[in-house]
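Chain naming follows the written order as A, B, C and D, and within any one chain the residues start at number 1.
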Amino acid sequence: MIDSDDDALTTLDLDADRLHEECGVFGVYGHPDAAALTALGLHALQHRGQEAAGIVSRDKHRFHAERRLGLVGDHFSDARVIARLPGRSAIGHNRYSTTGETILRNVQPLFAELDAGGMAVAHNGNLTNALTLRRELVRAGAICQSTSDTEVILHLVAQSRRPRIIDRFVNALREIEGAYALVALTPKKLIGARDPLGIRPLILGELDGCHILTSETCALDIIGAKYVRDIENGEVVIISEDGIQSLKPFPPQRMRPCIFEFVYFARPDSVVQGQSVYEVRKNMGVELARESAPEADVIVPIPDSGVPAAIGFSRESGIPFELGIIRNHYVGRTFIQPTQGVRELGVRMKHSANRSQIAGKRIVLVDDSLVRGTTSLKIVKMMRDAGAKEVHFRLACPPITHSDFYGIDTPEREKLLAATHTLEEMRQFIGADSLAFLSVDGLYRAMGYEGRDKNLPEFTDHCFTGDYPTPLTDLAGETPRQLSLIAEAS
Amino acid sequence: MIDSDDDALTTLDLDADRLHEECGVFGVYGHPDAAALTALGLHALQHRGQEAAGIVSRDKHRFHAERRLGLVGDHFSDARVIARLPGRSAIGHNRYSTTGETILRNVQPLFAELDAGGMAVAHNGNLTNALTLRRELVRAGAICQSTSDTEVILHLVAQSRRPRIIDRFVNALREIEGAYALVALTPKKLIGARDPLGIRPLILGELDGCHILTSETCALDIIGAKYVRDIENGEVVIISEDGIQSLKPFPPQRMRPCIFEFVYFARPDSVVQGQSVYEVRKNMGVELARESAPEADVIVPIPDSGVPAAIGFSRESGIPFELGIIRNHYVGRTFIQPTQGVRELGVRMKHSANRSQIAGKRIVLVDDSLVRGTTSLKIVKMMRDAGAKEVHFRLACPPITHSDFYGIDTPEREKLLAATHTLEEMRQFIGADSLAFLSVDGLYRAMGYEGRDKNLPEFTDHCFTGDYPTPLTDLAGETPRQLSLIAEAS
Amino acid sequence: MIDSDDDALTTLDLDADRLHEECGVFGVYGHPDAAALTALGLHALQHRGQEAAGIVSRDKHRFHAERRLGLVGDHFSDARVIARLPGRSAIGHNRYSTTGETILRNVQPLFAELDAGGMAVAHNGNLTNALTLRRELVRAGAICQSTSDTEVILHLVAQSRRPRIIDRFVNALREIEGAYALVALTPKKLIGARDPLGIRPLILGELDGCHILTSETCALDIIGAKYVRDIENGEVVIISEDGIQSLKPFPPQRMRPCIFEFVYFARPDSVVQGQSVYEVRKNMGVELARESAPEADVIVPIPDSGVPAAIGFSRESGIPFELGIIRNHYVGRTFIQPTQGVRELGVRMKHSANRSQIAGKRIVLVDDSLVRGTTSLKIVKMMRDAGAKEVHFRLACPPITHSDFYGIDTPEREKLLAATHTLEEMRQFIGADSLAFLSVDGLYRAMGYEGRDKNLPEFTDHCFTGDYPTPLTDLAGETPRQLSLIAEAS
Amino acid sequence: MIDSDDDALTTLDLDADRLHEECGVFGVYGHPDAAALTALGLHALQHRGQEAAGIVSRDKHRFHAERRLGLVGDHFSDARVIARLPGRSAIGHNRYSTTGETILRNVQPLFAELDAGGMAVAHNGNLTNALTLRRELVRAGAICQSTSDTEVILHLVAQSRRPRIIDRFVNALREIEGAYALVALTPKKLIGARDPLGIRPLILGELDGCHILTSETCALDIIGAKYVRDIENGEVVIISEDGIQSLKPFPPQRMRPCIFEFVYFARPDSVVQGQSVYEVRKNMGVELARESAPEADVIVPIPDSGVPAAIGFSRESGIPFELGIIRNHYVGRTFIQPTQGVRELGVRMKHSANRSQIAGKRIVLVDDSLVRGTTSLKIVKMMRDAGAKEVHFRLACPPITHSDFYGIDTPEREKLLAATHTLEEMRQFIGADSLAFLSVDGLYRAMGYEGRDKNLPEFTDHCFTGDYPTPLTDLAGETPRQLSLIAEAS
């Protein structure tokens, strides 16, 4: 195959060098179409995890589960699958694996039979003391079937000595550290929980008088549900036949949601913490243009995630916005795959230069983030091969200098270009005529603040600043990242 | 499944009501990676046909064929498939079925063993006398294995009494009517042919000194090949070890390429007949704004094909361009399917309103064409549900009032909204506050002309004008469209 | 895998070295369950071909076809497949490929649209002048889509100038040579034909007043149909609403059916030419015991085809019959596969020695035939490894010294052990203490004759005698066996 | 489909009304081809369970697992699967589900990570207090991921407070009741255990100096391994680098192996407890003939399991043995399926009458057992339809009057024909001219005893006698058989 030339610019994958979120969650209580609504909600959240999906429903008598590797639309659009998920309550999960192998037994929601009845849990986030807890559990005689940190939560619930299931659940939450947005289903309740800092998102919606918990508003929009409010940081909500009840089992803390939801993860049509993601991204482009607009003929967005910032940049700078890179929509099923080998193989033929807008022009490429820089250099070369006179690269977020441990799949720190290179070195690496990033203060301005408040920053932003807001217990220990002693392919 | 409500606006498919092209073709002569290049070329041409794909290669001893239902990337990205296609020459084909069922035996290229050696043919277009010819062939004892009109060409070649294969091929061309761009492979030659009016496109490219024939320049770009020239109307080119030779077996006629390649089919980064498709589409938006720009707050393109015209419209009208409709990129394999039933089932959850850009605003929706109007009314309703104050609908092409018989999959005439409704009736049907189409003269102005020359129009434009440039022999006869007496599912 | 040791006796495949028939046919006229009956009939005939199966049905308006690679039970037990085959008449075919690649377009029944209406044909046998005819047809402008000799018959029908379809069919039969049992379906008729010598079998049955044509009586038994009579050699029967009509278009000849149907191919519960196959095989064992019973302790049949002869041998010789070799019934789908590679891979673990019946004993192995001898030597070694004191090998048919050209998949002559080795050399090759074959006269005695009548032999028996009953036209010419110039995998 | 007539005798499944064993186990220690040997061993044991199979191997660093639904040969004949199972030790399991749904998470071997290292377990048998133990474990905070009773053993091991893994394992064995043959793999040991009465079989073999544990000798024969001895009742063997060590952790009891291994389950070429299964079955036929041989013309075995007894019956009675029923070997993959629906659908067309041996004759049908009698009545009718003058039915085992709880899949007691009908009622039910069973004493005589010793019976024979040799704890409690609250399809 001609693809063996890894530098062939006409066949590059602009998504290969982005960050990846691991999960989306959805739960609904008391609706006759619970499983179908969950499937649609998961489909709207597909950008948060493409590797696997699962739904657990509950009818009067028992729980029902369907879990599949692959896209929601590939499996849960089948009416027979939905028919195997009866009941008026359901929770669902999209998975992108940060921890644990890609095997079916890791696909969430996970389920445990408890003395007081069963419980299913779906989790977005990452626990920073999961390995430490897991080691303790195994020592105490627990059997771990998956390699997922979600199972740790279930074991903590199972081993709690409190009689009520909700007390057991709160007990378990008090032992875990890190970032999480959880939805859990018991025979009579739908439970939601958000970590004490509210790092991962969780919102409350309503459809036909039924409550919904999910990661983003776009999962409400797809089914015509109303947005009610964001779940607060450290809040546990219990939805049952008696309505909704809220607990605050943690000491009060100021919320610090993850700023990357705005920069990259959330869908542009979602509203996060009260702000339109699309508007915020346009603002990032505006701020970026104010900080570093070059003289140029045309603004070219890196599709598709660079488009809103490029519109903002164009409007602020007055330089015309053009689709200088065309995306091929037909790429089969190979879009995102867990192994590097598969990525290289089939994923390359996705974008091409729109020569008529590039040749002989000074262009400004606008992208939302830069991780390793490996695709950025290919795209700069693609622009030059298409005849660009000058290529200026602008990033609508600050340099990513630190790894994440809260559920974002970042490379090891030494592979982050900005962690090991100066700005000029980065410019040379990607081969642009100029390179500029949005400043951290510019990012906060795009969010509506004066700048970053060093003492009380409004967001979790360690990737740009190194300021981790929770202890990193597992990292401190000598525990290997992969504890499991068994390997299984599928 | 909740999808049973067919009017649910949050779950509509903007591509369900567009026209569909039937084919893309590609051929290369004398290159060691002939099959791999063909696979990449077909992938770049995937927008021209998603139902099936095939490649036939030729090595010193024999022909090799691989034909598959589904996308190019799903099958021909597999190195083992390419390895089964040895040889330095190959032709390939993407199929969207206008004639004939979706079964493997209809997938092109088709092949026939001839007395003088075998011949494989791939065809983009539609013959307007295929059924008439087919009936005559069957009467004479020919056995038709497929229901494709391409097989008719092969039979005409097989039955010609001329000794040289190229003379047989030219003989066959003289019997067929309609639109075609053909690539054919014989043991020692690659042949290309374009119909006497040049309705369907065919271009000549070059890579590493080897000649390439294909439908669009984007198939050259993906492999880094150079564009040489368009094949002329009525031209037959013969590529062999002795280089390239050109025949003109028809009486000279003025070229009339299909204008729909510019309006909808060709990829925006392709250059057709010397013009950038992207630029032409932006111009259509500019002309449309000149003719009918309303007072409004925001221009919203129908993704993705309405984007270039919306950029032009925004620039000419001064109204800001915003992504008011967001496309969900994760839709599994169900994007385009041959039966209506399958379309309804799995294809719906593709777009959503970006409420922050719509609510409380006067919006202008810009689309490239309107066929039945069934999705347009859904999108207008989606905009109103998202809170739009006014919804103005603008089409960057004239009303489609006539069916096509040259390879575009148009509905029967009575199902074309513009064929049976006045402008005001159409506005009411789709529920917009105002509706306007680009004029036919405006369309020609966007192409660089003063307007349409009624006596000598530069393009085949019967869909807008009813001016069919060739006889429609089959239509005149009483032959049923589907002649085949055998049904087979796969 | 441990299987790489090709000589491992505990993992051998006793069916790897047998002859293979190529086809079974079935047709029914005027029954409401035509396709389902055909599927059941083909299932009963599965032993005649396991590679592919197909059914064509006819309702009032058109033909319907379903063709599949694999076993009948794997595909045609699906009610949805049967539902796609409406109509009151149907024909079907099981394929074992002697000519042509294993690709879907070679799977029968084949179909052609004719001027007078369509015709589907299913064929058991082999034409000895197919390649010669095919070359002439291609020269005359015919296009061959398959590499099957059945297509030649269809072309001859299509090109005949006679107005009535039955006359065209008879015309075609007059041009072909070799062995055939054909069933054909036209819009209003079911046609059967048997070659002038009656080499391949074809019988007439009846169910609920409807006529059935098929290869063996077991296909009647499975659906509870009655056997009516064997179709005569050189007879053409036409079944229509007017009942059944018989033609005899050839000069009268004495019948010479293939003796291998009795020796190996037909199912033991079938009655062929009025004789029970099971009884005949027992008689072969009786004759064999009369000719060459050794002193021994136990008779061990090679399962399963050696069992009837072993019972006869045991009864005649008085030596007890025991299951000394046990068949493992669980071998997945890998039983018979077209390539040698696949055979080696997964097919081996099928039989094991029943040590308690072998150890310390003098055993007589009874098998129905010996082709290459490669599995016979393995089985002798398996017996010795299990502790046999003496191993005597007895074959219930004469030495196979000549290849077949009438539809039996025999190896090239030089690979037939008996064609190149003396009896003593064969004994040494397989490592037995003694070896004996049934004599040709013994074989005829088992059939109820005095012996073989050299001047007017009652059966086609060239494999044992070299006496080919028809011209071998293709063999005389220089035509390569594989004419097709195109290769396609599936 | 014509199959809707459930009584159609030509399409019946003789295996639909037999008892089913649940499992076969295999383990090997210290061999370079450990996984491949295990795959071959499981293939030889395929008759003990066809629903799923799994292998766990151990190399220096970790465990590796592959588990699949379907036959061993369908999945583990693939070299790539074996390559994913590196290491010199492995255990494997064939499953027929008596407890727990057919889902991948129930497929054995099961695995648990323990504080002292991991442990994988494969189990043949059934625990009679598993549900009681499971309820206690869940109350104590354990999470059960499967619905298999094997997981209970793993939890007991995990929760034991003993430091050494072997002591934990023995502790666990002391808590369980019922029948079991276990093989377990730890990082450095292969462990085998057989229940205190030795109800389920487990034997020790040897290949190239390496120890093997498995269910039957046929699994040794397939790989050329030597039989060493049967594991004793209540024995635990530990195989490690230091050789083999034997523990006897239970109070001494006399062995009582399950007599059904001889009657039906074990392969005829296996040697169980020192006796050839084939010989024992022939003896059962001999004893049966002594007890109840009628005047008749022919002995017809029900294939394949009735054959050895029929040979014995024929020899003792002097009535000739003939294959009066022919098995069709081509039945696709549908042979045994877990749901009744699937069984009915595709499994029917398996046997046919060999009319030439039946018509006009007095026949004796010999079968190995009678459960519900539903297929027996079909086969009697099939014989009569084929023209039998008299049909005498003989069973080579006593009437089955009691259900099993030790790993044999028996129907509820009220569905056992012999539990609710007199001999004469049974004869009328199946429609035979006479009916007789082997007596219990006759069964013991066939095993080499004088008869059954009521005080100290040598075998577990409750199915014939109601004499259950262990407490049935779960049955006494009110626990529902299916405890799991979650349902999942695959």
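As a working rule, a contact is a pair of C-beta atoms (placed from the backbone, for glycine too) under 8 Å apart; a residue touches a chain by one contact, two chains touch by 3 or more.
Because the structure is predicted, anything quoted here is derived from the model rather than measured.
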{"item": "Third chains touching both chain C and chain B", "value": "none"}
{"item": "Smallest number of contact steps required from chain B to reach chain D", "value": "2"}
{"item": "Interface sides of chain C and chain D: same vs different residues, half threshold", "value": "same"}
{"item": "Interface with more contacting C-beta pairs, comparing A-B to A-D", "value": "A-B"}
{"item": "Separation of mean Cα positions, chain C and chain A [Å, integer]", "value": "62"}
{"item": "Gap in Å, rounded to a whole number, between the CA centres of chain B and chain A", "value": "37"}
{"item": "Chain A-chain D separation of Cα centroids, rounded to whole Å", "value": "50"}
{"item": "Residues of chain C engaged with two or more neighbouring chains", "value": "none"}
{"item": "Every chain pair in contact, whichever chains are involved", "value": "A-B, A-D, B-C, C-D"}
{"item": "Chain B residues touching chain A - in the complex, by the definition given at the top", "value": "1-2, 8, 10-11, 33, 36-37, 39-40, 43-44, 46-47, 50, 71-74, 77, 79, 82, 218, 221-224, 267-269, 271, 276, 278-279, 304, 307-308, 311, 315, 320-323, 326-335, 345-346, 349, 352-357"}
{"item": "Complex interface listing, chain C residues touching chain B", "value": "56, 62-67, 84, 104-105, 111-115, 117-118, 120, 138-139, 141-145, 151, 154-155, 158-160, 483-489"}
